[in-house]
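Take a look at these structures.
After this come two complexes, each holding subunit A, first together with subunit B and then together with subunit C.
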Partner chain A sequence: MIKQHVAGTVYGVILNDSVSLQRIGSLDEAPYKGAPKAPVLYLKPANTRVACGAQVSLPAGADSVEVAATVGLVIGTAAGRLTPANALQAVAGLVLAADLSLPHASYYRPAIREKCFDGSLPISSVKPRVDLAGLTLTTEIDGQVVDSRSLSELIRSPAQLLADVSEWMTLSQGDVLLVGVRYMAPQAKAGSTVRISADGLGSLNFTIAGAQA
Partner chain B sequence: MKRGRIAYNGAVHQVTEANGRVRLADGRLLAEGQFQWLPPVEVGTVFALGLNYADHARELAFKAPEVPLVFLKGPNAITGHKAQTRRPADATYMHYECELAVVIGKTGKNVTKAEAMDMVAGYTVANDYAIRDYLENYYRPNLRVKNRDACTPLGPWLVDAADVANPMALKLTTRVNGQTTQQGTTADMIFDIPTLIEYLSSFMTLNPGDVILTGTPEGLADVKPGDVIETEVEGVCCLINTIVDDATYFAN
Partner chain C sequence: MIKQHVAGTVYGVILNDSVSLQRIGSLDEAPYKGAPKAPVLYLKPANTRVACGAQVSLPAGADSVEVAATVGLVIGTAAGRLTPANALQAVAGLVLAADLSLPHASYYRPAIREKCFDGSLPISSVKPRVDLAGLTLTTEIDGQVVDSRSLSELIRSPAQLLADVSEWMTLSQGDVLLVGVRYMAPQAKAGSTVRISADGLGSLNFTIAGAQA
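For the complex of A and B:
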């Protein structure tokens, strides 16, 4: 049985929903020179993970942060070269996550300062699996609903995403694959209280403080 | 002191170097071939630098970056000395990258350049292979290029920081089947080790076991199945890796 908190490596994917693709516009010109072929991943290292109830301090100079509500697939058994048909057997559970980023409009270069500052991944405990296709994620900032997204609009389904990603990287027990974040997600200012929720997965609450000490 | 990790007799052992052999903690001495090398540290967060040598940036037709171009790797990418790395059948250009790897030994946040070297436990060597066919212009270099299973050999030794007098003046050399193909010096890094530690720790807490792969100089070349690649950093160690094809890698 896996631990009830995430202990492995957390990966995420960008441009995995139709709204984000529409928002970013044409990808034909520089710097992208074409739509992505393989899933475009990023890594949220150990220093980014914080639990529900956390107070997240922003890096020096930042006064607001993008809050991208997403769901993570928690890997229950080592998973390499999965197929869409067997991929979900590797998933032990789900987490609700808020992938925080300093606003960055360009996806050209890795966004390490923007996405990997301490506390930039509030994440829930591991929940039993529910059907993601029917899931709606709601983001509230200071009690106001600022975004609501349905995971029915994913381009690569969780099973397809796991199959494509595990073609080149083996996922280990306790690793997490976030299924996608909105391009230009809603922003929360320092001092805000944020709540992410989804039916069947509960909620995740945290606050945004000012600059990190 | 040079410290390593090996798998031997059904267990993982921390070892030290003893005149070309490895010494287990209880004094047993083993020769090459009697054990399997593991990466010298169980890695935490692995940072890698792109375009951190001006000559290499020119070689790839890029202007040198103004802030460090950092990307991250997961533990799946890391493998030990004398391992095999797969060149997929559809790859047309796969190249090595000889790099000085800095292993962090302390926890630190907002570390200044002046304090930065106190954070370093030691040094090892990395070969940060890339398969350029898979490059895409999204979070480039993307994980399909740089986070492939066993595509980042590390080791064999972790050399104590105290034993490396000046890490910013070490020769880097790559040999493919015995022929030298890449030469450079860590003196040519754009962002030196203290600058990188100051930059990363300005927004992230660094922890023991975190590793910074500091980038590679010019001299890239395509490698093919069967090639034996030696990446060496003067005064640290020489890391050996063999390229294999799909059939060999996936052979049961």
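For the complex of A and C:
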């Protein structure tokens, strides 16, 4: 039985969709020398998670934040060495998530401050699984649609991603794997209200506040 | 009351000692353009933690592993916006830890597979605090001393590190902040027995096994 709210570690992945690869342009030059051959992962620890309705205060010095809409696969059972064929059996449900990042130009150092500040992962309660292949995620800021993405653009499918990651990392019940965020997601300013929604998964709402005094 | 075993997220930091900066050489060129101005953090999620006496199996394709001896500050109470003057009051105890990494040449992508495979953080039970400034960590592989480091080489002291990190990330009870690992730590091969020890903190022992079939 899966809990209604996520309790474990949240893992995310960048550069897992065709739009991001288009936007970032050539990865053929040094130091990358090509598109990623394995999932490019990052982690969102417990301090980043806030629920629907939260007010997120930006860190000192920040006045805007990138809002990347995504979906998380909630792990229902300890899961190591999954295969693409059986991987989805380990998924107990889905969450809508807004992966918040401070804008940062360099990917040469781990962007822990930029991606892991308190409240940088508004996340919905756990919903029953729906088919992700045809899902469209809509992001509204202050009532205006600023982004719409179809998960048909994913390069590694959810099942493939689970298999690739669990080959060397055992996922635990309550962990979440986000299926990918778009490079150059829309930005929200302090004072904005954000809503992310998808058919079958409801919506996730939160507001952005300025830096704490 | 702090638990005997670590339960939260473990955070680590690289390039926090004078020996690492010497070994890595100049950071003045692009893309870094200088030594780090803020702590360069990484995370070790729950799947990485194993206790004293563990046998660690390397991921497929790996036959050796870097063993970086370090000490972790165990957080005793929710801790945000600490100052260097009060930071150590949030520390309930210390752990000895061996931060295991697969050797990797590039720091241009987050080294999640290399640093977060199952069992890549052998960690001791929680010990009472001792003064870290004069502590020496000794690493033995198969009975031979292969490394000895004094924590007097730290650039950011434990108190400064806690203050810098908690400015934007609230640490929770049971979280651990590792005070830093040396660049180019000694390597252990599959089949090796490793022992890390320090006066007042006892020892941490584990073995390295080859990749699972």
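Convention: the second predicted complex is superposed on the first by the 209 of 213 C-alpha atoms of A that agree within 3 Å, B and C clash if a C-alpha of one lies under 4 Å from a C-alpha of the other, contacts with A are read in each partner's own complex, and residues count from 1 in each chain.
Everything below uses one rule, namely that contacts are C-beta pairs under 8 Å (C-beta built on N, C-alpha and C of every residue); 3 or more make two chains touch, one makes a residue touch a chain.
For clarity, every value in this text was computed on a predicted model and none was experimentally measured.
**Student:** Do subunit B and subunit C fit side by side on subunit A after the overlay, or clash?
**Tutor:** Verdict on subunit A: clash between subunit B and subunit C.
**Student:** In the overlaid three-chain picture, which partner chain does A:K37 touch, first (subunit B) or second (subunit C), both, or neither?
**Tutor:** In the superposition, A:K37 contacts subunit B only.
**Student:** According to the stated criteria, A:A51 is in contact with first (subunit B), second (subunit C), both, or neither; which is it?
**Tutor:** Once the two structures are laid over each other on A, A:A51 reaches no partner at all.
**Student:** Between subunit B and subunit C, whom does A:V19 touch in the aligned arrangement: first, second, both, or neither?
**Tutor:** Touch status of A:V19: no partner.
**Student:** List the residues of subunit A that touch subunit B in one complex and subunit C in the other.
**Tutor:** 9, 11, 31-32, 36, 38, 40-43, 45-47, 59-60, 80, 107-110, 112-113, 116-118, 168-172
**Student:** Considering the complex alone, what residue numbers of subunit A touch subunit B?
**Tutor:** By the definition above, subunit A touches subunit B via 9, 11, 14-15, 31-34, 36-43, 45-47, 59-60, 80, 107-113, 116-118, 168-172, 175, 212-213.
**Student:** Across the complex, what residues on subunit C touch subunit A?
**Tutor:** Where subunit C meets subunit A, its residues are 8-9, 11, 31-32, 36, 38, 40-43, 45-47, 59-60, 80, 106-110, 112-113, 116-118, 167-172.
**Student:** Given the complex with subunit A, which residues does subunit B contribute to the contact?
**Tutor:** Contacts found on subunit B: 44-45, 47, 67, 69-77, 109-110, 134, 136-144, 147-149, 202-205, 207.
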